[in-house]
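Look for chain A in each of the two complexes below; its partner is chain B in the first and chain C in the second.
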Partner chain A sequence: MAGLGHPALIAALLFAALALGLCLAGALRKRSDITEAGVRAVVASFAFVVVAVLSLLTALFARDFSLEYVANYTSESLPAVYTLTSLWGGMEGSLLFWTLLLTGFSTAALIRAPAQRAGLAAWAGVVLTGVAIFFLALLLGPADPFTTLASPPPDGSGLNPLLQSPGMVIHPPLLYTGFVGFSIPFAFAVAALASGRLDEAWFVSTRRWTLFAWSALSVGIVLGGAWAYTELGWGGYWAWDPVENASFLPWLTATAFLHSVVVQEKRRMLKVWNVSLILLTYVLAVFGTFLTRSGILSSIHTFTEGDTGKWFLPFLAAMLLGSFALVAWRLDSLRSENRLDSLVSRESAFLGNNLLFVAAAFTVLWGTIYPIVNEALTGVRVSVGPAFFNSVFVPIGLALVALTGIGPLISWRRMSKGSFWRVLRGPVSAGGLVAIGLGLAGIRSVGALLAFSLCAFTAVSLAGEFARGGRVYRTREGLGWPAALRRTLLRNRRRYGGYVVHVGILLIVIGFAGAAFRTERQQEIRPGDTMEVGAYTLAYEGSTRSETEEKQVNAARVEVLRDGQAVATLRPQRNFHFAQQQTQSEVAIRSTPVEDLYVVMTSLDADGTAVLRAFVNPLTWWIWMGAAVMAAGIAVLLSETKGSAVRVTAPQRRREPAVATR
Partner chain B sequence: MRRVAVFTLAAGLLLSVSTPASAAPADIANSVAADVMSPFCPGSTLHDCSSAEAQDLREEILARAENGWSRTRIMSWLEDEYGPSIRSTPATEGAGWLAWLLPLAVVIGGAAVAWAFLRRSTSSSGVEPSTQVTRSERSELERELRTLRGRP
Partner chain C sequence: MDQTRPQTSPKRRAKFIVGAAVLVLALVGLVGWAMNRSGATSFYLDVSELQAQGPTAGTQDYRVGGNVVADSLHRDGLTTTFDISDGSSSVTIVTDETLPDAFWTAYDNDPGSVEIVAQGRYDGERFAATQVLAKCPSKFKAKV
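Moving on to the complex of A and B:
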């Protein structure tokens, strides 16, 4: 089966090239029959990529160490579930997985757009197959997963122990789904620019794709944080590492797009901005892939480093220059059809939101590449770590939380200042009360006070939205509050699903703010000794040793006491992995809504003396709870059917009578 | 927009001054470890690095803090030992200012562009919305309401 891999990739490349030619001909000659033939070639290309993936999976599960990739990323003792993970655990396999998703998504998007084949879909097919050809060429050249070894080793090197985590089974596929998913709106945006069909069709027909990609990326990023928290052993979940930043960048611009596209739907404004945002999002997704594979920046997450990075640079340049040249070419056709009526309007709030999101994306990008820029300018290598990102990003993040609360309160088009202040009164009072209450309770961290009070402000604003919606159904249909709120949520899933996502974000921000009160201690400790961290006493009772096929497990037994009462027993581990000859710590966590007690054993001597690092992380639990609420909101958003979707409004007159509507 | 900019700046200033001055040696050591990159883990701070060498260095920092060394003195010692790239933030002098000021410039420049866009495209800026509803608007509104209530 492994022998099929290479020929299958060649066939996939040939069909992709054929598809590109047919879609281009269909687009230029406006012939839907030719475009349909091109789409069939896309399907054939996808089918051959599936064959290649199955070939590699077969080799991985069969431990065919004659393939270099299999020898590098599996071993005889590797559990089956992590054998699947090794498909994307290395550079070549991850690019093959990327190509599988790309051709699969292209197939799904193109065969579901029959009415548009002569126009948008034909050009989108050109773009998507062009991207697929780049990745297939990489797989047949510098990133060949089917390279064979002259003398296969008796056992493989095995997968990096850090990647042997349940989170790693789903975290990378979700990130790739997000990155690759943005290729569909990107392709349709380029198609709109190339074909001159610059109405809302391109983003309406790809709206679900954008939302799907954004959702996958959101969940993937949170799972990455959860993986870092439970596996890396430093007590945190986000380190502003270049690879983390690479996934965050397209998320920021895509989030900006999801907000600003509402302005285009409602008011037919911000057309240039929206098309630029989606182009930028995909370019940043590919830039992230380049960062993780080039080795130009140091990262603890760089599991897929190789020499393929240099091939991404011309590809990135072509995408960036090509797509923005198209924007410049069509600039006149992308003018807004309406004008802003007032500075106090929801359009202005969306503009402010977009300014902050793009500033946040620029900050992350700038901080990530600054070491390279500085080295090029001054010859001195410098570092940019969490302290820089936190000090620049946190104010932007807090301003975004405030706008999340302000946005729903303002009307479209215009609102009198008096009305604006009236609707602000409740949320501002709630925020003020929380700030005063927490201040009186002894909290002195200004950052945390601001975060908590802004969360209260925004929560009251969002609660007001649900209350207003529910009241309408209570009055009109005589429903009780639960049924009325359910009806409110389900009747306008996009709007209220979005609000649920915002509630999840607020909970996550509360979790982040808890970091201001983090406590940690590190101590060398002998069996029978104790150490203090926060309000806890950790009594180290000793360690036990056992062996599995793949590792030696050294588990400490730590009794946790609070106010003299035993509250838990934690068992942090320090394990030795045989295949990789690596020692790896396994964290023990006692998690509650108030605080997490996080214990990691960083060394263990033969006489049982251990070094323990213990952290008390207040409110971290709320990050994962917020992510769950966010996922529920995303589910509501994705469940929106075509019938319940908000329709694009008909073209409006340039000036309309001034009526305050909310 | 001006309020947003003022708020953002104020929040940044407040956050920058709100970092507690840690007195306990363990807190000084943790704070230093969080503000320097690890010479042993690529791209990680010393605080986040789990290698044995990083642990030794953290213990060395703690020992110096317990001997009365200030945070500034420990940072200088680390910079002498491992070079300027051990600092996790760009310097606030010379070319280092570029790192700090460019994001601020983007926010201010973006706000200025957005402001100019708003001023240019605001059709009746400064005019309070009319509270008068025209007859045709009223009839349209009533028709919509009847449709919503399920009446013809």
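Moving on to the complex of A and C:
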């Protein structure tokens, strides 16, 4: 079966090249029959990639150590579920997985493109197959997953135990889904530029793809944070590591895009901006893929070094230059049909949101590539740490939270200053009260005070939106509050689903703000001794040793007391994995809405003496809760049917619906 | 709704340019301020460069990388002391921080094989590290 892998990739490449040629011909001659043939070639290319993936999977599950990839990432004792994750656990496999998603998504998007958009679909097919050809060439060249070994080892190296965690089963595929998902709106944006069909069709017809990719990326990033928190044992969830940043960059620009397309739909403004944002998002997604494979930055995430990275640079440069040359070429047709009427308008709130997101993306990009640029220019190696990122991110983030509250309150086009202040009154007093209350309670961290107070401001503003929506159904249809609120949410999923996502974000911000009050203790401790952290007393009772097929487990027993009362027993572990010959700590966490108690055993001597490191992390629980609320909001957004997607709202009412313009 | 495209008046354009300039300056100011905060950036040096550079001054930390010298490691309670070398010169690292699992994995396999990067301050004699990162041994193969 492994022998099929290579020929299948060659066939996939040939069909992708054929598809590119056919789609290009279809686009240039405006012949939808040729384009359709091209789409069939895309499907064929996808089918061959599936064959290649299946053959690699078969080899992985059969532990065919004659394949270098299998020998590197699996071992006889690796559980089945982690054998599946080893498919994307190494560089070659991850690129194959990328290609699988890319050709699969291309197939789904192109097959379903309606005939009247054949022009767009043809150009999109050219772009998508072009990207696929690049990745297939990598797989057949420097990143070949089917390289065989002359003398197969008796057992493989196995998968890094850090990666043998449930979160790691779904985190990477979600990130890849997000990264690759942006291929579709990117391709249609380029198609719009190339064909000159610069109305709203390109982003309206790919809206669900954008939303889908953004959702996958959001959930993937949160899961990555949850994984870091529960596995890495340093007490935090986000370290501003270059590779974390690489996934965060396209998320920032995509979030900006999701907001600014609303302005183009309602007001036909910001056209250049929108098209640039999605081009930038995809370039950043590919940049992120490149960063993890280039070996140019040191990070826990990087793959072993190879020369795959240098293939990406010309590809990235071509994408960047090509797409922005297209924008420049079409600049005249991308002029806004309206303009900003007033600074106190929802358009300007959206614009502010966008500027902040792009500023955030710029600062993260700056901090991430500064070491590379600085070394190239001055020869001095410098690294940029979390202190930089936190300093720029706290003000930008807080401003975004404030705008999240202001946005829904103001109307499109313009609003009188008087009525603006009237709607602001409630939320502003809520924010003020929270700030005063917490200030009196003795909280002195300015950042945290601002965060809590702005969250209160925005929460009241969002609650007001739901109340206003619900009241309409209550009076009009005589419903009770729960039913009225449900109808509000379901009748306008895009708007209120978005608000639910915002509520989730507020909870996450509350969790972030809790980090200002973190305490940490580290102590060498003998069995029978105790240590104090925050309001807790940790009584270390000793460690036990046991063995499984894969590892030796050393589990400490720590009784947790609070005010003299036993509240929990924690069992942090320090384990030795045989296959990898690697020591690995397992964190023990007692999580409550108020605070997490987080205990790691960082060393254990033969006589039972341990070093325990304990953190009290206030409000961290709310981050995961906020993520769950966000996921619920995302589900509402994704469940939107076509009908409600094209609902025409106030400023457009006398105009044709955006989607029906053709 | 207006079918005609709005014309950009010179006054509007000037406003736009001024607004954009203010925003860009604000962003540059924010980034500049953040880059100069304590611990935001650190010099990345090898051992000889560290010794040539001399003690840490100002807000900028040092990061120093090298190989752990076999048999130089001592633990006294929470404090760990060991030497690192770049082949020609060596320096003593002192830290109260937890050493990462990867450090011990490599150390247990072969005490001379551990490659580390320490972040902290140098007083001209010893390097007080607030963070120690260990380079993954070759068996480590991590990913996104």
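We take it that the second predicted complex is superposed on the first by the 637 of 662 C-alpha atoms of A that agree within 3 Å, B and C clash if a C-alpha of one lies under 4 Å from a C-alpha of the other, contacts with A are read in each partner's own complex, and residues count from 1 in each chain.
To be clear about the criterion, a residue touches a chain if its C-beta (ideal position, glycine included) is under 8 Å from a C-beta of that chain, and two chains touch if they have at least 3 such contacts.
None of these values were measured; they are calculated from a predicted model.
After alignment on the shared chain A, the placement of chain B and chain C results in a clash. In the superposition on chain A, contact of A:Arg444 is made with chain B only, not with chain C. In the superposed pair of complexes, A:Gln581 makes contact with chain C only, with no contact to chain B. Contacts of A:Val594 after superposition on the shared chain: neither chain B nor chain C is touched.
Touch criterion not met for A:Val567: it reaches neither chain B nor chain C. Of the two partner chains placed around the shared chain by superposition, chain B is the only one that A:Leu403 touches, whereas chain C remains out of contact.
Contacts of A:Gly385 after superposition on the shared chain: both chain B and chain C are touched.
Of the two partner chains placed around the shared chain by superposition, neither chain B nor chain C is touched by A:Ala325. Contact with neither chain B nor chain C is seen for A:Leu313 once the two complexes are overlaid on the shared chain.
Using the contact criterion defined above for the overlaid structures, shared-chain residue A:Thr363 touches chain B and also reaches chain C. Note: residues 233, 298, 300, 302, 336, 339, 355, 359, 362-363, 366, 370, 380-385, 387-388, 391-392, 395-396, 522, 585, 600, 602-603, 611, 655 of chain A belong to the chain B contact set and to the chain C contact set alike, using the contact criterion stated above.
By the touch criterion stated above, chain C contacts chain A in their complex at residues 1-2, 5-6, 23, 27, 30-31, 33-35, 37-45, 61, 63, 77-78, 96, 98-99, 101-102, 104-105, 108-109, 117, 119, 135-136, 138-144. Considering their complex, residues 1, 4, 7-9, 11-12, 14-18, 20, 26, 30, 34-35, 37, 41-45, 47-50, 52, 55, 58-59, 62, 84-91, 95-96, 98-100, 102-104, 106-107, 110-111, 114, 117-118, 121-125, 127-130, 133-134, 137, 149 of chain B touch chain A. Within the complex, the chain A residues that touch chain B are 232-234, 236, 239, 241-242, 297-300, 302, 336, 339-343, 348, 351-352, 355-356, 358-359, 362-363, 366-367, 370, 374, 377-378, 380-388, 391-392, 394-396, 398-399, 402-403, 414-417, 444-447, 450, 476, 520-522, 585, 600, 602-603, 611, 655, 657-660. Taken in their complex, chain A has these residues touching chain C: 72-73, 88-91, 94, 157, 160, 162-163, 171-172, 175-176, 233, 243, 247, 292, 298, 300-304, 335-339, 355, 359, 362-363, 366, 370-371, 380-385, 387-389, 391-392, 395-396, 522-524, 580-585, 600, 602-603, 611, 613, 654-655.
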